[in-house]
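Letters A, B, C, D, E and F name the chains as they come in the text, with residue numbers starting at 1 for each one.
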Amino acid sequence: MSELYVENPLEFWCNNYGLSSADVVFLGVPFDGTSTGRVGSREAPNAIRAASYNLETYNAYTKKDLKDLKMTDLGNVMTCPGDTDESLKRIEKTVRDIREKFPVIVGGEHIITLPVIKALVKEHPNLTVLQFDAHLDLKDEYLGNKYSHVTVMRRISELLGKGKVIQVGCRSFSPDEKEYAKKNTVLKTPENLLNYDIKGPVYVSIDMDVFDPSVAPGVSTPAPGGMIPEEFFDLLREIGKRMEVVGFDVVETCPPHDDSDMTSILSAEVVKETLLAFR
Amino acid sequence: MSELYVENPLEFWCNNYGLSSADVVFLGVPFDGTSTGRVGSREAPNAIRAASYNLETYNAYTKKDLKDLKMTDLGNVMTCPGDTDESLKRIEKTVRDIREKFPVIVGGEHIITLPVIKALVKEHPNLTVLQFDAHLDLKDEYLGNKYSHVTVMRRISELLGKGKVIQVGCRSFSPDEKEYAKKNTVLKTPENLLNYDIKGPVYVSIDMDVFDPSVAPGVSTPAPGGMIPEEFFDLLREIGKRMEVVGFDVVETCPPHDDSDMTSILSAEVVKETLLAFR
Amino acid sequence: MSELYVENPLEFWCNNYGLSSADVVFLGVPFDGTSTGRVGSREAPNAIRAASYNLETYNAYTKKDLKDLKMTDLGNVMTCPGDTDESLKRIEKTVRDIREKFPVIVGGEHIITLPVIKALVKEHPNLTVLQFDAHLDLKDEYLGNKYSHVTVMRRISELLGKGKVIQVGCRSFSPDEKEYAKKNTVLKTPENLLNYDIKGPVYVSIDMDVFDPSVAPGVSTPAPGGMIPEEFFDLLREIGKRMEVVGFDVVETCPPHDDSDMTSILSAEVVKETLLAFR
Amino acid sequence: MSELYVENPLEFWCNNYGLSSADVVFLGVPFDGTSTGRVGSREAPNAIRAASYNLETYNAYTKKDLKDLKMTDLGNVMTCPGDTDESLKRIEKTVRDIREKFPVIVGGEHIITLPVIKALVKEHPNLTVLQFDAHLDLKDEYLGNKYSHVTVMRRISELLGKGKVIQVGCRSFSPDEKEYAKKNTVLKTPENLLNYDIKGPVYVSIDMDVFDPSVAPGVSTPAPGGMIPEEFFDLLREIGKRMEVVGFDVVETCPPHDDSDMTSILSAEVVKETLLAFR
Amino acid sequence: MSELYVENPLEFWCNNYGLSSADVVFLGVPFDGTSTGRVGSREAPNAIRAASYNLETYNAYTKKDLKDLKMTDLGNVMTCPGDTDESLKRIEKTVRDIREKFPVIVGGEHIITLPVIKALVKEHPNLTVLQFDAHLDLKDEYLGNKYSHVTVMRRISELLGKGKVIQVGCRSFSPDEKEYAKKNTVLKTPENLLNYDIKGPVYVSIDMDVFDPSVAPGVSTPAPGGMIPEEFFDLLREIGKRMEVVGFDVVETCPPHDDSDMTSILSAEVVKETLLAFR
Amino acid sequence: MSELYVENPLEFWCNNYGLSSADVVFLGVPFDGTSTGRVGSREAPNAIRAASYNLETYNAYTKKDLKDLKMTDLGNVMTCPGDTDESLKRIEKTVRDIREKFPVIVGGEHIITLPVIKALVKEHPNLTVLQFDAHLDLKDEYLGNKYSHVTVMRRISELLGKGKVIQVGCRSFSPDEKEYAKKNTVLKTPENLLNYDIKGPVYVSIDMDVFDPSVAPGVSTPAPGGMIPEEFFDLLREIGKRMEVVGFDVVETCPPHDDSDMTSILSAEVVKETLLAFR
């Protein structure tokens, strides 16, 4: 059977090692159940896969190439719309199964980081979360809900303990969140992050709204004044050199509100650059 | 203080009687938490309000006019994204407060009809639900979820009892749903509905996907082969003459997937025509 | 390795038999090189796959279910943008490899039907092509090009011989094309097609512009006055009963010009209904 | 200087006779100053020109061809945004210059028909206006404005006199407009128009909202329940046989609210079909 | 009557003091009658209201909060499409009624600033206008029109007198406008504005095209090379400290040409930041 | 015949000298046959023409004005969709006809630069090409195709010889392309270009993806980290002073993927600024 000219309809660009021999596993998590602003990040994993085909796989700065990674795209987690608890359980379970690989998690909205961390902390008990985000996500509850994209880092901070959440690029928050951050997390600007010494395994969580709306308009809750790709990629490469990164996620890309696909394309680039910086 | 030239930024076109003296209450329910297909019906109440300003308030067939109704727009229910239980409770509570009025409920997705019925059945114990829909919505659960837009009529049928849900226009379903319908609900085509005699109070639930996608493309799950507005409005006027209608909803309009606003405009027309047919 | 909650990111809904044991093979052909009007049908195979997830797999009329077919999605042919010859060769080669299966070809624009027929005619020497289309596609050349979406049926008619192309629903053409049709092909309306007796194997080619723009606006060259889905599906079911259909294609869906995804959704429904009518 | 392969960037498809020898003159009027609903019909003339390139010039029913008309595209009237009076004067002046030709006027919104009629009535003193429209446009004023798309036919009726405005397809109006119509104009359904005998020169004004929103969603104020193209074209051909048509306009196409370009494409088809019916 | 979970469908986020006790009044002015480029800024007031719900009300730099302002949203001025004179009169009349409050005017296009200034100059005879804009808006007339978005600052300069219009960020203009500016207004770059001493009451008029198209693409006439939000907000905070600001407007946001809602979201942020800088 | 108020429907803003007396000729080349990513740059020439009407013709820096150029818009080359060879021949032939003028070529995708250079090199044998681009476009073939937007500069380099292609702004490429560039072309950053001395006639080819996606999202293959308009325009003005520029093109603008028309508007500005820098 010749299949010379046939290609898979849609997976993130990779060399398809197959799950058992792959080092790096791409996993889509199309869940957006707690979105309070613009909804639709459930469509991001496939939009980012589609965008990945127009990237060069090679990076001129690091001289590394996606082709050289042992990588597979596992598909999407089947979440349960309308049932947040059940959905988070399924995400946790799925990530637990691949916890020995290097997971590349693509949301979906930010609450999905909570079950990912729950799964990974068993493998990496001393885990630190390095969050890039326009928002602190440290509210205790929102509209009566304790598990939401605006409370996720509060829950993770409670889980990992004081000083184990490092927050970078945050520029929009309430006084209460600021108060909580002062006592429990570590706030950094992109400029002073590298002065801070992080020991042990690090998981990087990238909320696409950390970027400026001029480069990432299609997120659930855009906020003026964010990072631009070049400074972000430079920072990532330094992080890759200094820290022991054990996985990362890219969340909050919202395709129904991302005309011209600017944010999906940048998200694909972020996945590529982050991978090449960390592997 | 002269306010001669000022108008309210956005409510459904009405004469603004104020809640206490109004007979008819328009209530938006921007909840889309269980949507499995295209998400975003949370934006429908405001989109339908905006579209209402381009309608003539007068109807040439019935010679009735929205201007003659004592009506108010109460605003939107504050639902709780990510927490379906809590959201449904708030909807039920709010509708209970207006149960002596004629409620015009605008979703949001179809699960919102469940708490509305729970609120109204206390006022109208012998209530029948007349559902216009492309789908039966009679699944027992979906992806592990018992409370969803695809299970809502199963839950309502269990609540109201055998024969108390009349289903019109349904053309897409699974064998299991058909089986359940045969035993528990009443299936009608638009053509033979009027042969069927419904006694007692009736609540009408209009899923916009009962219409053909050519006139209502912007719904969560479009299905070819639906009704067209003229036949629907004719049927409604007959229903208005023969039945004791105590309220209605219009659900599943999905503005982020409704380019040219076709479906929001039709939804506004449906609210107007249904009101003028029933009041 | 538990993969309980993981699903493939994007293939047409099917039960995934695998190529060797499948009877039915879905193949995407993302080629739109000769489009003269609106371009972008290359995006159709993936758009139609995505739309397939919101369909019920069961059909209430035929009581058949996609779940019962032995089907696989082979992926997309890798065509060669800018080189029409080479692209057509690759399509032909790929289809030849699956010529013993029942092929479901999803374009792409109409020129792709030519290499498909070239591949199938070896398996089925007496092949008839049954074309549903708003246009005759019988021009001899267009802007100097002999191989184009507006010449494809001329080329196929030359290949298969007189009377072997049956054309249904055509309503837009030049006097020259009409002249050629009178001498070489068979013109039918949807109403009188079934009076015509087709012997031997039949390949059905469905240009989505055969439908009315009200239900299929997102095609390359829409033309007012087309078929509606119900009449098309009824006709297909009769064809399935009377003819020996050996494969079909669905072409000219153009996602960049298909706001609200109306045409991709209808195309997915057409693939489903056609499959259930013919298998 | 060889210009073998160069074509004009954008004019309505025609054989470019040049103004002096042309019989038929296409004139764009990009004015939308009085639009109260969705604004943007100023973009329609160029959108309809662009859409005209995907039409076959030949019509299979009448066996006539745009190629056989002596036609030119004069360009667009330079209107004056913000100054309705001045804009209407410029339109009148321009049309007066071409009043001996057969004018094809493409709006813009409906108020532009008033200056066109003012210009033509000097050439054709006994002129009747045959209006296809979802609305009567017979209000005396609107929000304080006497010259508006909703008052235009009142003004024209006052100008031409009782019984000189024939209104077809109207389905949305106020009681006052109905009252005025009874006394001053002639109301017809598409079905009974041909029973009515119109003597003398006739100008046909086609508001695209006479069509059903399923085929023409991109108009300023869509209203459910309109005509479909086939019935409209059939009627036009009969009008062409029985009446002395001296010009026509196509108005209210609104490109910024016409996703997938459905309405621009239909408008181009309407211009073509109307021309071939009348010339 | 419990209304615990009900919220107003759409007003700018504020604490709803009611008109009589409010200090700050938000007023929408949905007028775009003189737009010569892309039209549709009439939709901006409601789009900006909708966008305001996704902002944090707190500002981390000034440590001020929208919640602490006594503010109300009065609704929209009912303008008169097609009649610029009448519309400007209504705007002037409405603003005069609230001239003792701090007005926040949201357009609409730039001509609306003229009647606002006419209303306020009676309260503040020595008023200076501080304009942020890509264009000088100093043409004497345009296409024959003296009252237009491109002449508005010429009219205001004539009204207030020499040196009373300060123009910042202007980068696109004709030689004539430059000439007029040299003699009659004060041209400043964002960098050197603060060197200039403005005495007495100041009204700030913010044309959203002062921003770079990368952050504000959805304006009527975008021009490359504008300000970015951070520098604008910094400058505003300095202005708030040094000048006696008596009101401001935000104009020219054009939602039909603002895909992804980037400009509406930024406009809401501009309203918030400007309010917190000035109150 | 008075045509006082009539304007041509669509040509790039210019003073319409007519071909024989014009110095500068604008030529659209709507060809996108080899696009591998997002397709649709065929629509760019008309989109850029439409956008040109909202520009001021005067430039404040150079104090030059489009009105002072002897310029004409020749229209679009009629290319042959599906036949790359024939299309390139027609482009070459057409450009040869205007080789004594200053050609302003607007694509279309980048392969169109090859036939333009073939035509111009006869007039200017020592021609250097100065390319602004995110990509090197130096692949030897792509998917089996030697003539493609990703191979075009390889072909031109082979044609003109070593050192005759200067590449600026390139940031995305494969190792092979880099290798070829080192040996055959000249790589420059925007900062160090002016240190390099170019003798003889220069043709400037501007791929719009040289800009950052924040200002030019609507290109076929966006890449983060590009130039911004101000630095580009400054550089152009220096080039205009130092080099003998004999023509330029602007390519890869892709209107179907350019929501809010950001990239078409910038492309029109680029045409204007480049013209005023070079003439």
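Miscellaneous remarks
Definition applied: contacts are C-beta pairs under 8 Å (C-beta built on N, C-alpha and C of every residue); 3 or more make two chains touch, one makes a residue touch a chain.
The shown structure was predicted, so the numbers you read here are calculated from the model rather than taken from an experiment.
Path length between chain C and chain E in the chain contact graph, taken as the least number of steps between touching chains: 2.
When each chain is reduced to the average of its Cα atoms, B sits farthest from chain F. Residue numbering at the chain D/chain E interface overlaps substantially, since over half of the positions present are found in both copies. A comparison of the A-C and C-D interfaces places the larger number of contacting C-beta pairs at A-C.
The distance from the centre of chain B to the centre of chain E, each centre being the mean of the chain's C-alpha atoms, comes to 40 Å.
If you average the Cα atoms of chain A and of chain D, the two centres end up 54 Å apart. The geometric centre of chain A is 38 Å away from that of chain E, both derived from CA atoms. Residue positions of chain C touching 2 or more other chains, listed in rising order: 36, 78-79, 212, 214-215, 257, 259-260, 262. Of all possible chain pairs, the ones that touch are A-B, A-C, A-E, A-F, B-C, B-D, B-E, C-D, C-F, D-E, D-F, E-F.
Interface residues of chain A, counted against chain F in their complex, comprise 53-56, 58, 60, 63, 65, 212, 214-215, 228-230, 233, 259-262, 265-266, 269.
Chain F meets chain A in the complex at residues 36-38, 135, 171-175, 178, 212-214, 217-218, 221-225, 257-260, 262.
If you check the complex, the residues on chain A that touch chain C are 1-11, 19-20, 27-28, 45-46, 49-50, 73-79, 90, 93-94, 97.
Against chain E, in their complex, chain D makes its touches with residues 32-36, 39-40, 42, 78-84, 86, 111, 143-145, 147-148, 256-257.
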